[in-house]
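This is the structure, below, for whatever I ask next.
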Amino acid sequence: MSVAEAIFYLLGGLAIGSAVLAISAPNPVASLLFVVLAFFALAGLFVTLDAHFLAAIQILVYAGAILVLFLFVIMLLNLGSALPREWLAPPPVLILATAAGAAFLLVLFFVGYRGLSVAAPLPGALPAAAPAVSGTTEAVGLALFRDFLLPFEVTSLLLLVAMVGAVVLAKRER
Amino acid sequence: MLPYVWLVPALPLAGFLVNGLLGRRLGKGVVALVGPGVVGAAFALAVAIFLALLRLPAHERLYELDLFRWIPSGDLQITAGLQVDPLSTVMMLVVTGVGFLIHVYSVGYMREDPAFWRFFAYLNLFTFAMLVLVLANGFALMFVGWEGVGLCSYLLIGFWYEEKINCDAGKKAFVVNRVGDFAFLVGMFLIFERLGTLDFTDAFAAAPERLAMGGAAAFWIALLLFIGATGKSAQLPLHVWLPDAMQGPTPVSALIHAATMVTAGVYMIARAHVLYLLAPAALGIVAVVGALTALFAATIGLVQTDIKRVLAYSTISQLGYMFLGVGVAAFDTGIFHLVTHAFFKALLFLGAGRVIHALPHEQDMRKMGGLKAKLPVTFATMFVATLTISGIPPLAGFFSKDEILWAAWAAGRNALWVIGFVAAGLTALYMFRLLYLTFYGEPRARRLYDHAHEPPASMRIPLIILAVLSAVAGWIGITHAIGNPLGHVPNLLHEWLEPVFAGAEPLRAPATAETASLAAEYGLMAASVAVALLGIGLATYFYRRRPELPARIAATFPAAHRLLERKYYVDEIYGALVVRPYLALCAFCWRIVDEILIDGFVVKAVGGAVGFYSRVVARLQTGLVQNYAAAFFVGVVLLLGWYLLR
Amino acid sequence: MAAPFPWLSLVLWLPAVGAALVLALPAQAHLAIRRVTLAVTLLGFAFSIPLFTLFRNGVAGMQFEERGDWIPAFGISYHVGIDGISLLLVLLTTLLLPMCVLASWTYITKRVKEFHILLLVLATGMIGVFAALDMFVFYVFWELMLIPMYFLIGIWGGRERIYASVKFFLYTFVGSLLMLVAILVFFFQYRALTGNVSYDLLDWYGVSLPAATQALLFLAFFLAFAIKVPMFPFHTWLPDAHVQAPTAGSVILAAVLLKMGTYGFVRFAMPLFPDATLRFLPWLLALSVIAIVYGAMVATVQPNVKKLVAYSSVSHLGFVTLGLFVLNAQGIQGGVLQMVNHGLSTGALFLLVGMLYERRHTYEIADFGGLARPMPVFATLFMIVTLSSIGLPGLNGFVGEFLVLIGAFRAHPGYAVPATAGVILAAVYMLWMYQRVMFNGVTREENRDVPDLDRRELAILVPIAVLIVWLGVYPKPFLDKIEPAVQTLVERMESAPGFAEAPSARPAALASPGRR
Amino acid sequence: MVPVSHYLTLSAILFAVGVLGVLTRRNAIIVFLAVEIMLSAVNLAFVALSRASGNLDGQVMVFFTITVAAAEAAVGLAIIVAMFRRRETVDIASFNVLKG
Amino acid sequence: MQDAAAPLALPVPDLAAILPLLALSAAGLLALVADLFARGTTHEDELRGRPLLAFWIAVAGIVGTLLLIGRQATDLGRFGGRSFNGMFVVDGFGLFFDAIFLVGTLLVVLMTVEYARRERFHMGEYYFLLLMATAGMMLMAQSTNLVMIFLGLELLSIAVYVLAGFERGRQRSVEAALKYFLLGAFSTGFFLYGIALLYGATGSMDLAVIAERGGALRPGSPGGGLLLAGLVLLLVGFAFKVAVVPFHMWSPDVYEGAPTVVTAFMAAGVKAGGFAAFVRVFLGTFETHADLWGPLVALLAVATMLVGNLAAIAQSNLKRLLAYSSIAHAGYLLVALIAHNALGASSFLFYLLAYTFMTLGAFGVVIALGRRGEPSDRIEDLAGLGSRHPLLAAAMAVFMFSLAGIPPTAGFVGKFYIFSAAVDAGYAWLAVVMALASVISVYYYLKVTVAMYMWDAPATAGRPAPHGLLLAAVALAVLGVFQMGVYPGPLIDLASRSVGGIVGAGVTALP
């Protein structure tokens, strides 16, 4: 096992583990913190994929801003403890949901990764000749402002809408 | 003269329109003038046509008047037209002649009725329809008259429609007739299918070459038409409507249910004799049914107490004779009896009508008696008629009935002769019973008796004329066995009708020599007179000498008496086997098939299923987000999985 | 050449224009609304008379044709025209409309304006169905008339009106939509065969589809038409609809709407799918005969006059379909004539029953009895119509039935004989009903002083009675009009490849040796 | 070098975990958090595939995804707050006035 | 792609292409700002039915955008083509959709005045969000890159989440918003995943590139499985947006709970927006894979038509009924999609426009029924409308019959069109299923007319007195329904021309 692989498995295991804990922790705050942990692990994985800019964004924006917003809301609404009747869903639901999730993985694997045919090569081998790309801030920035100019501008509208929307929804009634 | 033949039916039609549309406003006087007037005029015209025809050579006595193309459709071309030949002329004369007398009689009989105008409208319409029937140039147009008379019969039986029993009787008549008409229609279809035409002349010309002698097609055509005739002419097994039809006003019974309409079947067979001669088996059935009907009805007539019902069964019986006549291929003889019967039976009915009229609306003979003194003219005329029907020479009935019996014998149908012979005796018996019960003895219901009075002249004169005709009409058809010794008195009717039936002569099976001997003819003649006298004697014994005897006999044989009294339970059998099962089946179709099977199991079930699944689908919509997400997710898995399973 | 005067379009669109006129009137001006509607419908009838008089007899093909582009992309054009068959049905429609208006004069008292607008829209829809020569146009009209009828039943109907109207709508709609799909399939088949894009019926007549396709498409058409006719066992909407509908609705339903089904067979299903018609012939004939007998039997035991007449329609329409499916001149001609006859006699029956209802507010037979005494004129007209309905010779019903049966007999005696028995059954139920309504003694005091017909009602009924007699005595002018169209159809059916071998075709030995 | 398929498998598992969270938790905020896990899982796939494809489109897409996530978070949390104001709970099982 | 040598050579934006979009966005921003300044002085006015300044800005914005679109459409030679690095396209197909969105939004805006007057919720933000959502739809219709489609979708969705919860004082409204939001975010995950897999399979998110590189990919070939899985997940995302069974379950609840004007907007606009991208992706890009997705979508279409129509029968709430009806109509539209030919695409456009008119009209009538505090959206509330307000009732009847597909209405011609496409493509059986589903649907459409005309009005029911602008909107819808039903020729021609470039090769166009 190479170092890269070791890092991958470590971070991957951390991401899955904290994600599982996040969705099973009764306390929302704990849940949230596990998600933050998972996002850190993901940021690490981004780094292993040479997506440095995104790794930073993942931590700064996603974990740092968005999830903190969640935390604010939890605190604001004083929801820092589990719902009265809930820890997790009742076992039958849990089993069924897990089964469905497993089924999803299975079909996704067979349809997507194996392409309905066992003999098909895995996508890992796909871009044999692909040049290595590096997600530096400069590269991503160039792509954003040149190739993806219009989408970038659209996000401005999107954020404005979200802002206005949040105000409309959350302000106290007259 | 002949081209004006269309006026013969047109006149009564005009009378119908005038009386029917304006009758209520015109008043009884005008109606009484118009109603009989048009028929009288038609009669006069008919006589003129008869004379015109007479002037022609015997074999040119055929006149066809095409009126208009009625139903042109592809190779079916039906032209409405009138056909005047000796046969239809005879019928035309009878219909208009007897019809006129009965119209006149009705003026008196119906005088008190508020719906006087309606009565004459119907009567005129009937005359029109009957004339269409007899003058029609083809089966289709004949069917118009055929059903038209049925309609008038229906309307007139139920003339006093406020009594349910009258309406029931009318309806029964119509429906039973329709059963016959159904067969008639099918017969017509078969004729068209085989012969390609419904025109009489064409059809009869084509028949010998297109229809195999004795073949199935000819048999079925003949049989189906005959079933039609059994309906109209009240033969077994479709006779049930006629006794009930006596609910109508008595002139109606006389005109429609005795003299004219009911004989239409006989006329039709005579008209279609070519077809019948091609189907000897069918003709045999006609004869057998006729003979059986004659006997069957006569036995019932023995015990009926309603004066008109006795006459009704008598009519059925006499019609049976006519069918026996035509059934043994003696078509002219059948027509002969038809003519004489028209006279004497009309007379009997009119007489009975006078009796009923005199005792307001009492028809039960057990409440009559001794009316001879009160109603002398009626009695006298009815007496003549009774003798005639009993077959006492030289009255008309003797000649015609005897000729039929002789024809049956001559055709080798001895069994049928025996039946007819017995029926002749019974006829004399029940007719004299009627006469005795009505006119002789002590009045059994004094109150009614006191009320009785002779009606007006308008009702008297037709009686007298008919009585005369009943007496002498037989002389137009004196059989050669009698005519020859008397100095070759010609058989006028036979000769007159000869051109009509002559064409079919080659089809006739040759009469066997030994049965056709003159000696036999005389012997049988004597026998039938004897049996008639025997019948009269028995009647006299039972109802004059020993009036208590019939009741004792009835008590001795209660089952037999009851059987006759209940008319062999035919109505009951029909009720149990046809009417009630039919209604039950109808109800079944409605309640079970329609409402439960189709509407319930299919329509409502589909609706119910839709409603059910609708509620199921709606209930799946629980309102819980996670259920929605789960459905979503399962959907995703299924969509992806679908490609694996494909 | 100057374009001929568009009589047909005039007759077709006049009612719609009339509807717009009525729309402009104030809702409270009942009398004005009625008068305008009456005038429009009378005018419509007047304009349809030239159709009859200018119609050239003995000419095969369509007359009064008009054509204009509508949706060119799909090959859809406004193409109308009539032959003898449609001519009679158009005339029947225009004739009955003023009568319906008159019959509603006092019957309809609520929402008068809406009623008359719907009636006029319905008129255009019905005439359109008979005049359309483009399948799309036909379908549009076919469905268009559904809506006004639905409202007529649903708003002005009896107690169960909503159930009945929805049932009516759904039933009809099921068949219609499948027919629409079939029309489209035909369109694409036609395009594949000829390369042309057209919904024109006359174009479609020119192609012959493979037998298997024909069978499927025929079934779709059959369902639509069989429901409309209605043929057994698709008839159960009819009694409900009839019983609940107001008089005018019943009249139009019976007289015209049902004819759309039978007309559909003649105009579309049979000529477009001759092979399939032949293939299903035994079924079609059997269903027709069952309808005749079954309808009559169920009618016999109905306690409700309108229901009785409704079931009698099932029976009568059985004669029509029987006639159409025997595929010979007599049968089809008789069937077509019987459509008209049924329109007149059953239309008149519903008018009569409606008049009774206005007087007594009931349809139950048991509530009547003895009405002939207070209403002699009514009784007379009722009797004429009754007799027409049971096919008395000399009246119109006979001619049609006779032709149908004689045609049926020469082709399929086995079906014709039980069908002929329907003649008996008709007498049973009609006369029994007549007796219980008009005859017998008066058992209810309310029936003693029922007023007889007034002038308005006479004006409705007498023309029908006259026509009943006319068609019975001298149907030739009408038969002459139908003849070429029927001949065309018969030839088309006989030229179908399956005609000779069809299980139903007559054995050669039995073929008529007549004047053919 | 870790093959891209490993990343993709990891991403799929994370996605499934997120789905599981949505399906099993009744706390609206935790459900929403589970959705965020799903989005992040997809992000991982994007980045991995970006590497595999040899272009940056996938990474740019992640950038947009995060932006969208932020916008959604703002609106979504506002909705949850509004709901809480009316019902004093964030239990989504209790929000079932609308059904059928 | 990245050229390090020219780091600052930013592309010159092709503003002419996005001018309509800019105009609409500008109008939205203007409305937001105008409301900020106008609030307080005119608020009482709009309660009296006098529309706010923001309203007029919105109307002007929509009409102006329509004009700009018209200008582009009439001169496609000049304006047509892709721009912004292949992100955005101006073509007949997209413009047709834009027109549908704008007409729908215009009608919604007109209807809002009445609703706002009654429910006192008139504010600039509303118009802003509405116009932004419309902009999102236009982006979806005109995007040729999955990134753009995603962003358009989100722009639309987020705006509509807010709009659904706009009446935050009403629990139902907020519940609707919450449900819509949670499920929407959930489905976004799948949608994104789908994009990722497609990206993995082809290395691009550009539709043209995907079509080019993915055209030959089949399950079994390298990347074929990814493509297929991505396609399915993308399908799921779209299916959710347009409410296709089994991804439809949000829609009845949300439609019922949301403010009626917003419901109308969702039923017409959001669905149309979702379909715009759906059609472009599946007919344009993945036409070559129709053998793969066709049967699957057919299955979904059948389920959607049946479930939608069946469930609608059981409803007593009009909004909910219309929600199920709109689910069923999504099924009908899928049939047009499945036909995957030019006829199918053009019938799709035609039907969608027809659907916009009839469904918006129906919601307009529902709005007209209400009174302050009483939504009056049950079927019973329609009782006797035929006599209470004949014109409104007649309009509603027209919409119902059109939805049911009865001539001479737009709905009929549309169904006829779709049937044609299905039959032409060999999917006659699907047309039959659709026909049967329509029969089921007739039952509940009739139920509405029954209530209006055949039930007696309750004594308490008054005569609705809707605002003139609402009536105008309804009248416009009626006009549209009849125009498309009676004289559809020109629109059919337009629709046929509009789909010219969209459908993949190998399709027979109707001559």
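Letters A, B, C, D and E mark the chains in the order given here, with residues in each chain numbered from 1 onward.
Here is the rule we use: contacts are C-beta pairs under 8 Å (C-beta built on N, C-alpha and C of every residue); 3 or more make two chains touch, one makes a residue touch a chain.
As the structure is a prediction and not an experimental result, all values here were calculated from the model.
Under the touch definition stated at the top, subunit A and subunit C share these contacting partners: B, E.
The chains in contact with subunit A and with subunit E alike are B, D.
By the count of C-beta pairs in contact, the leading chain pair is A-D. When each chain is reduced to the mean of its CA atoms, the one lying nearest the mean of all protein CA atoms is C. When you average the Cα atoms of each chain and compare centres, the chain farthest from subunit B turns out to be A. Averaged C-alpha coordinates put the centre of subunit B at 37 Å from the centre of subunit C.
Measuring from the averaged C-alpha position of subunit C to that of subunit D gives a distance of 65 Å. For this pair, subunit B with subunit D, the centres built from the Cα atoms lie 97 Å apart. Each chain gets a centre from the mean of its Cα atoms; for subunit C and subunit E, those two points are 43 Å apart. For subunit B, the set of residues touching two or more other chains reads 618, 621, 623, 625, 629-630, 633-634, 636, 640, 643. Across the assembly, subunit D contributes residues 8, 18-19, 22-24, 26, 31-32, 50, 52-57, 60, 64, 68, 71-72, 75, 79-80, 82, 92, 95, 97-100 that each touch 2 or more other chains.
Among all residues of subunit C, none touch two or more other chains.
Every pair of chains that touch is listed here: A-B, A-D, A-E, B-C, B-D, B-E, C-E, D-E.
Within the complex, the subunit C residues that touch subunit B are 167, 233, 236, 294, 297-298, 300-302, 328-330, 333-334, 370, 372-373, 376, 380, 387, 392-394, 398-399, 402-403, 405-406, 409-410, 413, 416-417, 420-421, 423-424, 427-428, 431-432, 435, 438-442, 473-476, 479-480, 483, 486-487, 490, 510, 512-516.
Residues of subunit A touching subunit E in their complex: 108, 110-117, 119-121, 123, 125-127, 130, 138-139, 142-143, 145-151, 154-155, 157-158, 160-162, 164-165, 167-169, 173.
Within the complex formed with subunit E, the residues of subunit C that make contact are 27, 69-74, 111, 114, 136, 139-141, 143-144, 146-147, 150-151, 154-155, 161-162, 165-166, 169-170, 173-174, 177-178, 180-181, 184-185, 187-188, 197. Subunit B contributes residues 618-619, 621-626, 629-630, 633 to its touches with subunit D in the complex. Put simply, subunit D touches subunit E in their complex at residues 8, 11, 15, 18-19, 22, 28, 31-32, 35, 38-39, 41-42, 45-46, 49-50, 52-58, 60-61, 64-65, 68, 71-72, 75-76, 79-80, 82-83, 86-87, 92, 95, 97-100.
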